[in-house]
Amino acid sequence: MLRLILARLLAMIPTIAGVALIIFVLFSVIPGSFASALMDDGRGAMDPEVAARMRAALGLDDPLIVRFGRYMRQLMTGDLGTSFRTGEPVARLVGQRIGASLELALAAMGFAMLIGIPLGFYAALRPGSLVDTLAMIGAVSGLSLPKFWLGLMLMYLFAVHLQWLPSFGYGGWRHLVLPALALGVSPLALLARTTRASVLDVINADFVRTARSKGMSETRVVTWHVARNALLLVLTTVGLQFGALMGQAVVVEKLFSWPGLGNLLVESVFQRDIPAVQGSILVLVLFFLVINMLVDIAYVLIDPRIAVQAS
Amino acid sequence: MTAAVLEIAGLDIVVDGGRGPTPLVEDVGFSIPAGAAFGLVGESGCGKSITALAVMGLLRTPLRRTRGRIALAGRDIASADAAELRRLRGREVAMIFQEPMTALNPLQTVGRQIAEMFVLHEGARWRDAEDRAVEALRSVRVAAPERRVRDYPHQLSGGMRQRVMIAIALACKPKLLVADEPTTALDVTVQAEIVELMSDLCAARGTAILMISHDLGLVARMCREIAVMYAGRIVEQAAAADLLSHPRHPYTHGLIGALPRLGARAVRGRARLAEITGVVPAPTDRLAGCRFHPRCGRATGHCHTDAPPSKARQEGGIVRCHHDG
Amino acid sequence: MRAMSTSNTSLAGLAFARRSMPPLRWVLVGLVTLCAVVALVSPGRAQTTPRTGGVLRMTAPYGSTLTSLDIHTTPRAQDGIVAKVLHRSLYAWDSAKNVPVLELAKSVSVSTDGLVHTFKLRDDAYFHNGRKMTADDLIWTYTRLMDGTKGFPGARFVRLIKGAVDVEKGQAKEIAGLRKIDDLTLEMTITDKVNPGFYFIDDVTAILPREVVESGEMLTKPVGLGPFKFVEHVPGSRLVATRWEKFYKPGKPYLDKVVVLIMGEAAARDAAFRSKEIDLSILGPAQYVAYQADPALKDGIIDVAEFFTRTMGMNPAFKPFADKRVRQAINHAIDADLIIKRLVKDKAVRASAWLPAGLDGFDAAMKPYAFDPEKAKKLLADAGFPNGFEFEWTTSQNESWGLPIVEAVIPMLAKVGITLKPKLIEAAVLSETITKGDFQAYIWSNSSGPDPVASLKRFHSATPHTAGNYVDFKNPAYDKLVDEAAAATDAAVRTEKLRAANAILYDEAPVWFFNYNKAVMAYQPWVKGLQRNATELTHQYPEDLWVEATSPAQ
Amino acid sequence: MAGRANLWIGGGLVAVAVAAALFAPWIATHDPVLDANLMLSEEPPGRAFWFGTDTQGRDIWSRVVHGARISLTVGLVSQAMNTIIGTVLGVTAGYWGGWWDDVVSAFTNILLAIPSLIFALAIMAVLGPGLGSLLIALGLTNWTFTARIARAQALALKSQGYVQAARVMGYGDLAIMMRELLPNMAGPLIVIATLGIGGAILSEAALSFLGLGIRPPYPSWGSMLSDARDNIRVVPWLAAFPGLAIFLTVLGLNLLGDGLRDLLDPQSRSRQP
């Protein structure tokens, strides 16, 4: 197991290097600069000399290859660079945001799993029933809504009209509910669909028929034999969705003023704080890779067939 | 032989579909005395596996029993409630399936899957049940059962898995074992071992067997009585020796003609019978008259229009053919 | 009525209403403005004396982060909101009189040539770390801003001080024009005879304690001279500050705590304001209408005509725009009043020329270009474009001075034969594109105050393109008038020169004069003491704000 | 069967959207850009303006109908790019294997790891807002799933008898890929593409919300919806109709994808993007 983890960690390195290269090149040709972004609200002309000094101070005048070399050297020592915007280490900026991001992603995914998986189960056990039909219509609908739209509706309904929950901000669990709902709906819908399909696959499997022939009650058949096998199929979706969630969160974070990585990333793009952009993307990528590694490890733990291949 | 372990009479099973119900099994009836081995033979799609599922009470939508009686040890399963039915399954009647590859849960040790039986039906505690699983494995002649109980199905060979299946099926000493093509997926050498194992164990425990197979030779070796099914109906039924020596139905003839010569490889399921041209008709285009007439050399006019009635055979048993004799 | 007599005459809305023969609409605007003033200063309503204590939840509406807690590094309006809470500059803005006033100095004496200013500093100003402010802090701050290797945006103000440029170029260590007389006396020699108040008021010149900056703490735990001291910053979410007990204004601040909530999304601010989670919110045009129409909200609106002029700059290098008649034709062809009324929802004041209302030199008698498509067609024909022409209009997404305006202009210009192709880019790219001159036309909002001379200097031929003369305006008569206004010692002469220069801009029409921004803020009924700051409405001096006990914030 | 209902309802919704796009100039009652009358802005839905008018005084019905052109173009073209890139890379990687497979797999893994919305955002920031940029941004970032499926299919198919036979008969690699591999994997790829079109339309809306959408003045549903968000309480019809158009079209595409999956790719119920 330890060797597996180690191997997977090592395999991440080229991927991360590739991502670093791509985003470096991409953002080296981006129009606008941090200096020009500072005057985006038209409050005053930036002194051209000052702007030029700023560029020089930020090392933007060096040739691309020099900058890339410097950047890669930094990365290798674990240094994500220094933010143009605040002058702080990017690692610190990202670190300040990662907790909120994780919190939101976990809450959204928890919500999606808590509702989506049982719903999918329930629907699959009664295929064609009213619950099944409604759940699946709901799921497809959930996948067809723009997220910011959904978030805005939640905000007006729960914060303005019902006044049950705060409409924005970062704090206790009450602040977490609405953004987590807005972010969780599409993984919920996907999980409900995937779970339903997986359960339907498994429930028609031969070993389930065997279980029934043993004289097991339907509840036991489901809990002892269907659940684990079906969840194994759902696990991939959970992993992919979870990994992608922090990326998808940008919209929700912006709408709900949630101080997560996505918000930092978008704002850094607009302010041309390139080191912060690169750092945030790399951390999101790392998160995605780690989640996928965890999913793979979960497979090994759950599915004995894989353990054999691994050893 | 007074008390039959299994009694089926006038069984009709349909599949519900977009265009209404389609009959799959029609007017099937037979009975198996305690401790006896009964064979049900026919090509794939003739309805024999569905009959077996009906016996287990495992028909699920869209399959549905519309008529007929199935009695296990004198108890009509139609009138049994779900809980009773579950008690019957596993305790009174057990089943072995065709595909040992997929019939076992890949994520659980075989030990646990055997132990489940003791927990379910005898209220055993898991720890005791697992100890007994070792014994059950030993009884199906698995070497080193103490180690094997901890194995997962994918770690076992096909024959081993079928032994595990037998261990599960016989764990609670049922009165009837339904074996649906238990050896079809196995190598020929292993087939013989499994058949022998089943026969021995059932004989020792007084368990009756309902053996379902397309392989008439196999069934004939094991069973005292055989029913031949074609397109949802039993076309001929008789004692094994009589049936083989005096087949009355042209289809039975064909099956016997198709029996592999010594040393030839058994053919699987859908392989076409050499002696009979054509294939089993799909349930959706079941014909009027005798179902076998398109493939029958002896078919005459009324074979096309009238379904043959069930008639008693000279040697005992029944046959459904206008040209009987 | 009592309130009217006491209200300040230089308030923009009132001044506007008085000096012109106003159409009914302006009268209404004036009345609304008055009502707001009455509501704010009238002693008849609720409590009269400021209550001490309570929490105020402000919003930072211009994006989803603060730029930096080192206020010297960021000129953005967003950070100015926090700057007013934590920091102080040598001067502050008097919103009632619309002039800069001394803040960190008790008095200043000016030499006869107007170049040497001697400041008597406050002896009661303490940084939040407890240290007393001295002249050294000002010298250190201004010297830091001239660090040529860093590129501080405040350098453009400090450059006014004699010798500052030498420091910037690395030719001197100290700014020659700054001299410490004693701990609380600072002598400043400047290069031009201008009011230094317009220079040393900006947040990017706030006085910071050297020891905190040099320790690097400023980025995480900023320390300043402001009325509130830093408590926490949750990046991307909020900044919390608590009352600074040793603040130099007696009895102030009233509030125990100020929370600045960072909320860039207007729809989210709307929801939060309606659910009473925030006390102040800046409104866009759509919400302005909605709030005015809502009986529960309409009394909690404050607006001010800000010193921001929105224009479409026309590049004279693009052939049609080289001709004054074409530029005038454009001004005639666009129904700016209609756009302001229907699209901007009256959240702006029609611009006649460059200088906004409230500034010296603004001429209330000057009529904006009339909407007259026929005249526009004739001007175009005279200029040699009887069939019009096509041009590309570079714009950002901004709802008040961006894409929606451009979209509204498309059919208007189409009617005089001009085909307009919008080119949408990000705000950060817009500023760069404009600075580089890489456009045929652009639309932007530019600060046009508070110093009218500096504002008009933008169009001086000596002002480089990159420093603000984006339309490369060249007019010797104009240059002369602006120079004379700068040199004028007599206020009346100065006003006259400014007006004349502004009139040249009007006639030459280097830009399409669209509007002066009217900033609108919504406030909860328990919030008191709001200032109508025409330099930027969100920049409230929080020591004057207080909340009634009915505020739900704890 | 539910699959059939999906197919019909989904197909119907998509057909309506496509028809709106194709016949926009004839269905629209006004010009979506030039017919603006600020005096008639924010008129509620009624006889003269079926869906009301927007803040600029333009007919929303006409803009929604014309918006179908832009939104469907975004969906179709970007997904076509994704399908082509994904299929070419996936098939060649699966069929040829070796170092090329390693390269493609590594590249796919890299792109898979970057959240696609963020990648698209970055590309939009670099290229600047506009339809062309949007097509590139969405067309280059969502092909990884297609590539994975195409590769797996190619791997599975290349050992099949008829492919081997074609090789023995001397067909070139290109011919084999085009004639033998592609037709046999078309089913799942079509399903993925159908779902991808809906995804692209939603991504366009998200990018518009983030401030990097399509260049005006021609409307897309996403930009209309995003622009209307501040007005939602006062002028709800501004957002309602483009919102409904997005919802119904994406719903239609999702249902159609489900239906096609049941029809073309029955084994893959559990394999969902």
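Per-chain residue numbering starts at 1, and chain names A, B, C and D are given in the order in which the chains are listed.
Convention: contacts are C-beta pairs under 8 Å (C-beta built on N, C-alpha and C of every residue); 3 or more make two chains touch, one makes a residue touch a chain.
Remember, predicted model here, so these are calculated numbers, not experimental data.
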Discussion item. With a step meaning a move to a chain it touches, how many steps does the shortest path from subunit A to subunit B take?
Written reply: 1
Discussion item. By Cα centroids, which chain is closest to the centre of the whole protein?
Written reply: A
Practice prompt. Go ahead and name the chain pair joined by the largest number of contacting C-beta pairs.
Written response: A-C
Worksheet, complete the sentence: dist(centroid_CA(subunit B), centroid_CA(subunit D)) in Å evaluates to 52
Worksheet item: For subunit C and subunit D, what's the span in angstrom between their mean Cα positions?
Response: 44
Worksheet item: How big is the gap, in whole Å, between where the Cα atoms of subunit A centre and where those of subunit C centre?
Response: 39
Item to complete: Starting from the mean Cα coordinates of subunit A and subunit D, work out the distance between those two points in Å.
Response: 21
Practice prompt. Name the residues of subunit B that each touch 2 or more other chains.
Written response: none
Worksheet item: So which stretches of subunit D touch two or more other chains?
Response: 125, 128, 211, 229, 232-233
Practice prompt. Specify, in ascending order, the residues of subunit C that touch 2 or more different other chains.
Written response: 267, 425-426, 429
Worksheet, complete the sentence: Every chain pair meeting the touch definition is listed as A-B, A-C, A-D, C-D
Worksheet entry | Residues of subunit A that touch subunit B when the two form their complex | 205-207, 209-217, 220, 224-225, 228-229, 232, 302-305, 308
Worksheet, complete the sentence: subunit A partner, complex, touching residues on subunit C are 62-65, 67-70, 73-78, 148-153, 155-156, 168, 219-220, 234-238, 261-265, 267-268, 271-272, 274-275, 277, 308, 396, 401, 425-433, 435, 444-447, 458, 464, 466-468, 536
Worksheet item: Inside the complex, what are the residues of subunit A that reach subunit D?
Response: 14-16, 18-19, 22-23, 26-27, 29-31, 128, 133, 136, 140-141, 143-149, 152, 156, 190, 193-194, 197-198, 200-201, 233, 237, 244, 246-248, 250-251, 254-255, 262, 265-266, 269-270, 277, 281, 284-285, 288-289
Worksheet item: In their shared complex, at which residues does subunit B touch subunit A?
Response: 56, 58, 82-83, 85-91, 94-95, 97, 99, 102-108, 116-117, 120-121, 152, 154-155, 165, 168
Worksheet item: Residues of subunit D touching subunit A in their complex?
Response: 2, 106-107, 109-110, 113-118, 121-123, 125-126, 128, 198, 202, 205-206, 209-211, 222, 225-226, 229, 232-233, 239, 243, 246-248, 250-251, 254-255, 258, 269-270, 272
